[in-house]
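Naming follows writing order (A, B, C and D), and every chain is counted from residue 1.
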Amino acid sequence: MSITVDDIIIGGGSFVIIGGPCAVENREQFLSAARYVKESGANILRGSAYKPRTSPYSFQGIEEEGLKYIYEAKMETGLPTICEVLDANLIEKTAKYVDILQIGARNMQNFPLLRAVGKSGKPVILKRGIAATIDEWLNAAEYIRSEGNYNVILCERGIRTYETSTRNTLDISAVPVIKSRSDMPIIVDPSHAAGVREYVAPLSKAAVAAGADGLMIEVHPNPEKALSDGHQSLNPHEFKTLCSDIKKLANFMGFGLA
Amino acid sequence: MSITVDDIIIGGGSFVIIGGPCAVENREQFLSAARYVKESGANILRGSAYKPRTSPYSFQGIEEEGLKYIYEAKMETGLPTICEVLDANLIEKTAKYVDILQIGARNMQNFPLLRAVGKSGKPVILKRGIAATIDEWLNAAEYIRSEGNYNVILCERGIRTYETSTRNTLDISAVPVIKSRSDMPIIVDPSHAAGVREYVAPLSKAAVAAGADGLMIEVHPNPEKALSDGHQSLNPHEFKTLCSDIKKLANFMGFGLA
Amino acid sequence: MSITVDDIIIGGGSFVIIGGPCAVENREQFLSAARYVKESGANILRGSAYKPRTSPYSFQGIEEEGLKYIYEAKMETGLPTICEVLDANLIEKTAKYVDILQIGARNMQNFPLLRAVGKSGKPVILKRGIAATIDEWLNAAEYIRSEGNYNVILCERGIRTYETSTRNTLDISAVPVIKSRSDMPIIVDPSHAAGVREYVAPLSKAAVAAGADGLMIEVHPNPEKALSDGHQSLNPHEFKTLCSDIKKLANFMGFGLA
Amino acid sequence: MSITVDDIIIGGGSFVIIGGPCAVENREQFLSAARYVKESGANILRGSAYKPRTSPYSFQGIEEEGLKYIYEAKMETGLPTICEVLDANLIEKTAKYVDILQIGARNMQNFPLLRAVGKSGKPVILKRGIAATIDEWLNAAEYIRSEGNYNVILCERGIRTYETSTRNTLDISAVPVIKSRSDMPIIVDPSHAAGVREYVAPLSKAAVAAGADGLMIEVHPNPEKALSDGHQSLNPHEFKTLCSDIKKLANFMGFGLA
């Protein structure tokens, strides 16, 4: 099964690269990131205007202002866009500005939100919960699909284990497990899984080789100054090199490019 | 710090027992359960009208009808009541019928919902997420408190580990850890932690001895016929015996009774 | 089923307290600890002469010299003694000096060692492996029992999870699970589970209330100067107070004292 | 750093494939497996004569008889060989028959055994413990190296998590983490990680792409009749196809072949 957004195909034998910063911080930062993503040959632009943060006192996103910059970036680069939604009440507004709605790991079992994005009809990226089983994840997708919305893309982003060398433990096996149980596309987010910049490239390549349909990678114009997740973001040069390597590997593995 | 609901005190040296079925299934089942809870000497009545379920095709609760039965049970027994809320849009309605709002494990980091129960001013039971660290849990509580609502009760209900003999692994250490880091009351839910009826009594006693401020225990008039969680629910006789044992132990440990 | 060592009964309705330092460091430290253990009313003395340490460059124990101090302490105080064995070749020697052999968590599936302590006929404390399921633990005990040695005491000492507030997560549910599946006595080691001194007392009480047959608690004459595990050791005063509290609670719970 | 066994180089830019059955079951089974391994172009032959099993009543290996068949297979095929050692007392005998000693996951912190294989001077494959951190694993390797034996190959074989779709969770991130902290070669065992035959190929490819130095894959002449681990063993045809694919991918990734 494949999902088409503008002229980009996700799943069904094509390989997609999604890039962008964790958060939309301001107009300059986001448009700059968007240009790097485009120039690197990635296919879709990510960036969140609303950030779910562990503490209520951390940076929470620039909200509607951010949605406007996402839209402006799409207009300039032509790239389809992704933004996380935290609240069913904001789906309608978000859907006006962006192409794909993301459900974050913390909301994987926020069932009213799943039903609401289901009703929206928009393509949805459903991140795996931090300690969700694959069965629970597929059932969460079913909440969206049961509303008639089959445009669901699963995203493995690491699970919580005892190991502390990485932020989470990338469950690379989830790729073949999902392939054997479902026809939904599955992509991998190596940035949140690793939490460490230098591990992003090898994990990206592992995901391609395991058969994932795409990657979502954090890139920031200036990771050292990022308001969130800077330590796991690539800089533009690293991202461009990695995109090139990934495309060659995906091609070798028999994927078409999105 | 203690929280007072009607004439029941939670925290501050008194010990509270919360009982009731997982879900409000129908009028007869819930009123029957409520009478058993009252008769057993427990202090607060629980029951959910909205059920978050892994699959969209499982029983999801009887919704507003259930709220009315909860209210009726309070009127009859005089017990304060608890009901889970899944959706910020339902808080106002739920708050009309019940005394304490519960945030379930799956919603521990549903930040808009946390803010909304914070704004409601109602007492809140905040269950620990299934793989939440204690730091994340305290930060989730802070989302509620940052809205000016300090009536937050933490509830340890087991964490996800590799062990399969129990549904979850009760993290009994969370009791002293919370006591050392916070002044919020902490209660324990041995029913969801164990997932097995016969382990509920020993875990309940362990919680009292570890210093918890209360217990939330599932009891059903007829566990074999329960629509959810029957295998972990006590029957009325077992519940009554356990309440008696808990009160003696809590008294021995120096607690007053709520 | 109960196990008798000298005149101490483990299991079968009596409650036993085992105390002592992590390691035998020198004669003065260990004899001093032994006197405190005796004076506090505990029943069995622990101390290891051989220490399994993560790094080969950490303190590894004082070996045979330590065994002699354990024996001397037994002669002086009359307390039965426990020492860990790491190597089948040292069982015969260790068995001359001490009463109970301990298999540590790292060796729970060291099958030749299990068979060897089985053949020795000595009472054995079998600690649960750091990520062992209860089924694996019972099977490990079976390696000892299959050699004809039924004097096996299980010891829950915390399992590895994602939570970092404690060194390990005490799986208090293991107590009722073992009780339902086996007739072997089960004790709890709150010191290694918590890894933090202030949590040892509440976890000890939880273990009594959950139905454990005993406790193994670290106490050191001067925890600040301990060569290993000082942060989780009680000082003599704390230990004496805790022993007194535990005995009262065990008596309340219906245990006889060992 | 690389390790040379006969004319096979492990690490240092060459890629090695190790194949063979879980256990040496009998002469015919093992020689048959060895011929398939050779014919498929793999580089090293594995097979264990002593099996560590959860239950004392399960098949435990054919012991010395198995060592002789391993030696016979080496003589016939010319392949270097690997066999697990469980007991320091058997190292000398095992070392006469096989080229590389394996320390299994359960013995990763069996420190006397680590020191003993260190003293043997033989190349050692050190499997990661089922819940060992990477730090503990590197420290375990240091026990071997501290005896002057630097011929240590690390083997990632999956860690224990809550997920049950796979036998263990392959921690693919361990590959780049080890590469950043150590110069020891690291190989991956996808068979024990997955526990399911159909996931072995995608996980093998992921390991190559992540930068591992080799793979250890279970193959059995007749997996349905295997005495252990049959469900995760490839049949000879699957193994041959996978070896071919792996070599192409390793070549694409810039590895030389061992």
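In this text, contacts are C-beta pairs under 8 Å (C-beta built on N, C-alpha and C of every residue); 3 or more make two chains touch, one makes a residue touch a chain.
Only a predicted model underlies this, so the values are computations on that prediction, with no experimental measurement involved.
Among the other chains, B has the CA centre that is most remote from the centre of chain D.
Centre-to-centre separation between chain B and chain C, using Cα means, comes to 35 Å.
Put simply, the C-alpha centre of chain A and that of chain C have 49 angstrom between them. Of all residues in chain D, those that touch two or more other chains are 131, 135, 160-162, 164. Interchain contacts join each chain to each other chain, per the touch definition above. For chain B in complex with chain C, the touching residues are 131, 133-135, 159, 161-166, 169-177, 179-180, 193-194, 198-199, 202-203, 205-211, 249, 252-253.
Within the complex, the chain B residues that touch chain D are 131, 160-162, 164. Listing the residues of chain C that touch chain D in their complex gives 52-57, 86-89, 106-107, 109-112, 115, 130-131, 135-136, 139, 142-143, 146, 160.
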